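Note that chain A is present in both complexes that follow, paired respectively with chain B and with chain C.
This part shows the complex of A and B:
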């Protein structure tokens, strides 16, 4: 079972690859839109990459609730659990 | 039961020549931003589009098609009389019948070529190439003219933030004919009608006109699109289809020279290229930045431009993939003429 920190680090790598954001900036309290400048299209790419990486399904309706990195990590943890 | 004779054609086909017509008027982002309360920066960031071409009153679907077709036929080294079938892919010829292909075939001066339109939206041109190739191989036609043409500005809502800055006008044409070696690979195509509403004409024509009890809207039924789900489908599901077309043609991704995806949006093109893990040596069509999204015309316009600018050379191996409303898609590997 991956730890919260492991999921955050893997997600940070994805955000870095998709949107060019420094992986160290991708911390749990950061907002994708306001802090990391990840727009809605990049968010779609992050979600698809995360689905593959973590073996979870993130429905379109759920994406709008994932405002912060912590929201996304928590969703992935719940889905994996 | 009387025996029925069967026809056969040549074993292989190729694209013999390409042509295009771009409307004269170049429209910068600054001309479209006010109506959608947007900015040049936002449009470029969301789509990579800097300018688009919009047709003037004299640049009709038929006129643009004929101009592009004449060039394609000449580059194919043919006389117009040798064209025996004309297939036109479009969703923006607003006279429902007859098919505009018949008028195009006549204006070009064909000898009564078979002529019909196909409706597969942005995927139309690649559907047309597949059908043309099969018709030639089956012996139903010898030289097929395939046109992708749109005047999307006629059905564009200039106040719709999801579409106004994206769509544009133009025509591209290709001549498909017999070949000694395979020049058009197997098509990989399909549809997903469950997502019928993602990109569509907003309302039925009957709702525009109305009935005695239900007044019509009286306004042109514009195009609508749900951007994010379309982005997801196009960027990822279509990348898999591109790989399937390579596999069907027996071409490895390292053997690919040119990638010509439907010019929907630069973000989709970039995401597809990443998703397919295209080698850096593959040259990618990026016509959308200057031309906008011309639906059925986008793939031939983009390929023709790469040929004119030396980015695609005769004999190069190119992957064409087109996708859009339906959702419908088609992809094939071709040899650049």
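This part shows the complex of A and C:
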């Protein structure tokens, strides 16, 4: 099982690749839209890359609930559980 | 003669021989080829293994995060547009967005994005297909992204006429300004089609040369040889070019540097064959005549032609017939070049890159050479220097010709200033 920090770090790499955000800025309390400027199409790319990386499925209906990095990490942890 | 005069005030290019206009122009004058063996891993599966990759990859110039949202063809267009915009001194010029247009073409659109996403669909499933695939691969993506970058809110066009697309975009830009629909238009073409599918298709239709792709001991740089008896097809190149076209009134009011004046443009179609040129070049002749008539050009002043001449057996001969038909006895005074001998064929980017070369030739009064012309086809009676040649002083006119699958013929005449 990956730790919360490991998931956050891997997710940060994905956000960096897709949106160019400095990986160190991708912290649990940050909002994808308001803090990291990840737009809706980029968010779809992040979700798809995260599904591949973490071996989980993130339904379209769930994406709107993933407002912060912490929301996404928690969802991935639950799905992997 | 149209009342609104159109001038060229900015140039940009990224090509197989240089990452900008200055380096591209120096390489062309020096007769430097940009053709070599491709190093892509898929190339061993193909009958053609050579091509003209850009000299400077756009990843070295563009912001990574922006570039990953652009097909490679759009990346070339952005590199060229950024250069042209800066060259024209338009930044901070107060140009109203509603008076800025774009006419930027490609021959076959975002083909590498389309095919990469199809590979993903087959290998990983529908969920993995990029949500950006459509806005990246659509044929108007280069034009639309340039309009976004510069806030162009007049017409934004992406005309397509295969290998005539870049020149057609320039002709369209001229019309936009003459009709009063824009004061300034970023015009040009781009292509990024070095991918196994289009290369296999062009090879199978006998359009691409297979020379130097087997162990025949030939140099890839020698394969693009317009008008030479040993020519046997074109070499695929990639890249893009953008010109800033502007109403003369607007350019003079802001004190812009003017490289050349547009004298006229002509567009026609062969309606002869989907891929072969009319062997007598009748459609091309009409397009060139139209361009000269529009600008009230005396054929005696036409001293330079940047020919379409792609190094195919039939097309190169047909173009010679056109020039004879249009210029008559004056063809002897006309210095003809095919820069494709050095860059390969950029398809939808060709007409734009060659327009940049035509304008540079007029401005600097020197024609680039045609390389690899060791044994000129006796059916071609044109003055084609194999090293650079000075052009005369005085009022001179230069032509840029482009012809495309589907029968399209586009000629643009530029005049010295």
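Here, the second predicted complex is superposed on the first by the 81 of 81 C-alpha atoms of A that agree within 3 Å, B and C clash if a C-alpha of one lies under 4 Å from a C-alpha of the other, contacts with A are read in each partner's own complex, and residues count from 1 in each chain.
As a working rule, contacts are C-beta pairs under 8 Å (C-beta built on N, C-alpha and C of every residue); 3 or more make two chains touch, one makes a residue touch a chain.
Model, not experiment: these values are computed from the prediction.
Colleague: Touch check for A:6: first (chain B), second (chain C), both, or neither?
Modeller: Once the two structures are laid over each other on A, A:6 reaches no partner at all.
Colleague: Please work out whether A:41 is in contact with chain B alone, chain C alone, both, or neither, and reply first, second, both or neither.
Modeller: both
Colleague: Once chain A of both complexes is superposed, is A:60 in touch with chain B (first), chain C (second), both, or neither?
Modeller: A:60 sits against chain B, while chain C stays out of touch.
Colleague: Considering only the touch criterion stated at the top, classify A:22 as touching first (chain B), second (chain C), both, or neither.
Modeller: A:22 sits against neither chain B nor chain C.
Colleague: Both chain B and chain C contact which residues of chain A?
Modeller: In the superposed arrangement, which is not itself an observed complex, chain A uses residues 41, 44-45, 48 for both chain B and chain C.
Colleague: Quick check on the complex: what are the chain A residues that touch chain B?
Modeller: 39-41, 44-45, 47-48, 60
Colleague: Mind pulling up the chain C residues that touch chain A in the complex?
Modeller: Residue list for chain C touching chain A: 63-65, 68, 124, 127-128, 130-132.
Colleague: Which residues, counting only chain B, touch chain A once they are in their complex?
Modeller: Within the complex, chain B contacts chain A at residues 45-46, 227-229, 231-232, 235-236, 267, 271.
Colleague: Please output the residues of chain A touching chain C within their complex, sorted ascending.
Modeller: The contact residues of chain A facing chain C are 18-20, 41, 44-45, 48, 51-52.
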